[in-house]
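Which chain is which? They are A, B, C and D, in the order written, and residues in each are numbered from 1.
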Amino acid sequence: MVRKLQVAVSGLGRMGARHAINYLERTPRAELVAVCDPDPKAIAWAKTRLEPSGVTLYTSFDEMLAHPGIEAVIVAGITTEHAPQSIKAIKAGKHVLCEKPLSTDVDISQGVLDVAKQYPQLKVMTGFSRRFDQSYRNAWQKAEAGDIGRPVVFRSQTCDKYRDDDYFIGYSKTSGSIFVDASVHDIDLALWFFGANSIVKSVSAVGTCARYQGLKQHGDVDNGVGIVEFWGGKIAYFYACRMMAVGQHDMTEVIGTHGKLTINANPTHDLVEHHEASGIRREIAQTYWDRFEPAFVRESNEFTEACLDDGALPFRLAGAVQALKIGSALQESLRSGKKFLFDETGHPMGEKSAETAKL
Amino acid sequence: MVRKLQVAVSGLGRMGARHAINYLERTPRAELVAVCDPDPKAIAWAKTRLEPSGVTLYTSFDEMLAHPGIEAVIVAGITTEHAPQSIKAIKAGKHVLCEKPLSTDVDISQGVLDVAKQYPQLKVMTGFSRRFDQSYRNAWQKAEAGDIGRPVVFRSQTCDKYRDDDYFIGYSKTSGSIFVDASVHDIDLALWFFGANSIVKSVSAVGTCARYQGLKQHGDVDNGVGIVEFWGGKIAYFYACRMMAVGQHDMTEVIGTHGKLTINANPTHDLVEHHEASGIRREIAQTYWDRFEPAFVRESNEFTEACLDDGALPFRLAGAVQALKIGSALQESLRSGKKFLFDETGHPMGEKSAETAKL
Amino acid sequence: MVRKLQVAVSGLGRMGARHAINYLERTPRAELVAVCDPDPKAIAWAKTRLEPSGVTLYTSFDEMLAHPGIEAVIVAGITTEHAPQSIKAIKAGKHVLCEKPLSTDVDISQGVLDVAKQYPQLKVMTGFSRRFDQSYRNAWQKAEAGDIGRPVVFRSQTCDKYRDDDYFIGYSKTSGSIFVDASVHDIDLALWFFGANSIVKSVSAVGTCARYQGLKQHGDVDNGVGIVEFWGGKIAYFYACRMMAVGQHDMTEVIGTHGKLTINANPTHDLVEHHEASGIRREIAQTYWDRFEPAFVRESNEFTEACLDDGALPFRLAGAVQALKIGSALQESLRSGKKFLFDETGHPMGEKSAETAKL
Amino acid sequence: MVRKLQVAVSGLGRMGARHAINYLERTPRAELVAVCDPDPKAIAWAKTRLEPSGVTLYTSFDEMLAHPGIEAVIVAGITTEHAPQSIKAIKAGKHVLCEKPLSTDVDISQGVLDVAKQYPQLKVMTGFSRRFDQSYRNAWQKAEAGDIGRPVVFRSQTCDKYRDDDYFIGYSKTSGSIFVDASVHDIDLALWFFGANSIVKSVSAVGTCARYQGLKQHGDVDNGVGIVEFWGGKIAYFYACRMMAVGQHDMTEVIGTHGKLTINANPTHDLVEHHEASGIRREIAQTYWDRFEPAFVRESNEFTEACLDDGALPFRLAGAVQALKIGSALQESLRSGKKFLFDETGHPMGEKSAETAKL
């Protein structure tokens, strides 16, 4: 018989439930054997949807971790549990795929990284789904092949569709604010295209609350623009937004010395165009999941493959921590109105920058 | 002083007035010296708009033709006068640019051509505006340069925006029906890309009245599809429509053995896109003039240049007559439900095809 | 435990192997239990790829059909076996998904339909993959909701990428020529948007061999254009091509009285655009599979669901036979140079049309 | 006879010659009566191209200014002469259209503005051509009509095509560097969409020399990114580039609380698309003139109209000076690495910002 990776999923919220289904049905080399969630509603859902396929349900993470034969744990519950559960799972000898972010706190994230380093035989990854997107992969391969010369300027945006409720305000409390929650994806992509070892030279950001005044209480905004300068003449600039009318519009452009690549500059949900009296119209993805669902499936499969075959993960955990650090510095720049400078080793320069950590 | 072509315009209806303005203001090497129109309203307009710039106004074509110094006449009045006025002007030794069509009648059109042949020193042209469009020119140059190999299949459409009135029904009476009035442009383009000497092998067409039932009384339709096969393995197919919701969408694709060129497959009125809750939307040209205005200006200038410098016109009058003949055959095929076949000299084959003329 | 549909796949060629993988790994409610193929190479592949997952391998269709517990059979071997195997499977009480076409012969196809009618409890379907494509589904729902008024004109094309070998020439021998093999998809879509009960009024087609002269020996072409007129004022026109430079470009537009929908008018393989010195460039799907892979997965899942839950299939087998009949009539029109007419009951009219069957 | 504005053009370099032609041939209500240029080559060109149409040629600006009947002067010579000639012309009672920039020096520009204020009956304008572009006009009208709610974030870029020579290095010496020369257009647009009275809150910029190392000697870069924050929660961010492979790609997006407008997000030179083996490709404008030629013509006509009819100019001269000030602050931020802050009256805050002027 084919050997399948024995997987457990912690957390059956929106993303956790999707991970569970992906490991149950869309990851041929994996077998979902256990899930856990303290919420009775989540368990009720799992009773119908997962248990009949032989999945064991737990309300306790620790008990699930003790389920015999578990090889890998997907950590997808509430953000504050990401780091503690990841650390427990690593220490229990499990491979770990932890939903983004490890933590909104730089030090805690670094802590997970430090533990993971002690278990080099384990695969520990955080979920930067865009890394698994076919379009980003294609663009990266073109860039790597030299099609645009040397990448010099990187522009990337994460724009959520406007919601007619207070969701983003509540979300901001736990998500770590717009640059940490949303732009962190774009920062990670910048590090991918510019190289994981790129050293930050300066960070500055501004923002505004245009539709959700309640974000101010969390030091957050619904529109933020930031610039990250890297030593070696590379510039990344970012835009994050919580109020797009049209839908989820995450896009990137990579400008090289000899050409440019864009990813999703022209978003479209499918291949339909509607010619009507007011013009030609096409719809776009409404949610992150609409846009990146296939990337999540690929993530599950590649993580599984790396675990089973002791293969390399597509990116290092350290990069995720670095992206978080840069996102935090942008957020701090936004809050303070200051620009932070760093020397060629990434250490903060001057009193202004004392407020931010080493990058 | 710079010598300027002395131009007169016959007819100040919608197109005639535009021609007059183009020769007055947008054709530096021409001077508009006289216009004529029997309609008092047109004359009233000209009194305000043209006379102050020194243009002489006439109500009679013949009198205008006698205006001293006239070198070229733009024939742009009612369709039934196109041929007679063109012939008069040619016989009076004037260059002639006659609005399309010379006539809806094949024989009358041929008559103009026959007269023009007797005055080889005169420039006589009919207004196929798309020949002057920058995009069509660009595509043709690419095709001519071999960028798509040998053109094999040609698809072209003329689609007017729907009008909430009876305009198209009245228009059909004088315009010569959809294939003769609208598709004739596409047919002319096919002859341009395939070669003016292409010989028709077969013609067939179908159509329907979807929104303007009144067209039936004129043997006309508001949606027509036709195929013209040429000897030598070339195929052109056409679509004409009077009910597009979105606007004027005239487009063409030329499929060669080694590539394809499209012209206006993605219409747009300008460079604005609107991202709104229902999607991403852009507007397109609403009228023929919106789409082709710069082509009409170029037409005026190139015609003027050819007259002044005794240069070659960009296409031959004979081609316009041939396009009309093919359009008439398509219309006849639509009316009769029959497919017409032609031999390698363009003569109709079989009893069925006796109903159509030699192509 | 969850009940899973017990599936067998006949034929492990290119498409058969894909079906086998889809039922093995991408159809959660199905279990692939057996496959058959007479070719040792196919069996060798299956030994590595399928047998370890518990799939039983056969070289004989009949033996596979006798495998205990089989509930559904996917018929995906050589075209000439499609009808006989389908009939055997139906008579053995199995649900059947037969790859397109049932047969290139109209009567044989009708024969499968006749047998299927005797087993109304069985789900018998043929694989018109576009019916499962998200974009076509979206467009159809919009049309059904009245977004474009009443569909009047339908344009659709199937264009394969040029291959630098003789593949298409050999393929033509068994595939039943361009209108039967390629345009049949477009015809099926026309029947979907116009209604399954649409009655053909006329059929005419032309074509040419631009790159593969060898197709002539099979009465086939590499570029074909056809028009199908339906009673009730509806027109469908089709283009099929075997020599597209850019890739697989299958597209459709549906023109209604009040708007137009296009599907894949602007093909793109992913969301990357490349800005380089020669312009802005994007790549498109290279093969049918590139374009429609998700549709094939959805097909597997919906077929499975219909079988397990005794649900309705998304379209009727009779429609597939009707599409084949129309495709055959187009091919016959191409070969004979004749236009065929049909009365309002679909019976051929006049001597000309005696050569084609009742539609 | 029609009264025509009597126009003189100073400077017959690239832009000056275009202005001369525009006033000679494409501005019906204007008459080009005189030009001046000290360069014998320019005069030689004018002898052939302008003199035969009755234009008087001068080598001295002062002599041209004394030409009888001159009503308006187009100042289009070298940048250092823009301000002095404009001031002379204003004092001589002429309307003035001065090519951009009035000066690269903020104080000198302010000086022109101060003089102009003393002659309120004269029309004095600087050439922000994008203000006359049909697409920008259309977008602005939509924004003004409330189609996107309140504009909040403004992104705009000016990207020149890469040139395989040292042009940009030499040009940088006199043009006032990338934010002053290129981004000034984008800044002007931001002030248009956000309101001319928007007060700057902060300015920061970074940049790099990726292809033209020689720019460093002028404190300039070939890629610059800047953010301008305005009081009232409005953010503009800019990108300027001298090395685009594909061509001239100037684009803008305006993000409002309820929608977004983009201008030239999808650049295209015409309506042709080329389907070839490597993908679908379209060409874009190669130069600023390619992109904005019709806007320059509209500029000439609207300036003429305002002079003749004593109408309002489409924007105020003060705005041009403000755009220059912001561009200079961005450039100074780039050079110093500092972020500048301003209070709600536009005064610099803190020691850091002492280096920049009041905005």
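Annotations for the structure displayed:
In this section, contacts are C-beta pairs under 8 Å (C-beta built on N, C-alpha and C of every residue); 3 or more make two chains touch, one makes a residue touch a chain.
Here the structure is a predicted model, which is why all the values come from computation and not from measurement.
Ranking all chains by how far their C-alpha centres lie from the centre of subunit D, first place goes to C. Of the two chain pairs examined here, C-D and A-D, it is A-D that is joined by more C-beta pairs in contact.
Distance between subunit A and subunit D, defined via averaged C-alpha coordinates, is recorded as 41 Å. Taking each chain's centre as the average of its CA atoms, subunit C and subunit D sit 57 Å apart.
Within subunit B, residues 148, 244-246, 258-260, 265-267, 274-277 each touch two or more of the remaining chains.
Chain contact summary for the complex, subunit B toward subunit C: residues 148, 150, 152-153, 155, 202, 204, 206-211, 223, 225, 227, 229, 233-235, 237, 239, 241, 243-246, 255, 257-260, 265-266, 337-339, 341. By the touch criterion given at the top, residues 1-2, 24-26, 28, 52-54, 134-135, 138-139, 142, 147-148, 258-267, 270-277 of subunit B touch subunit D in their complex. Across the complex, subunit D is touched by residues 244-246, 249, 267, 274-284 of subunit C.
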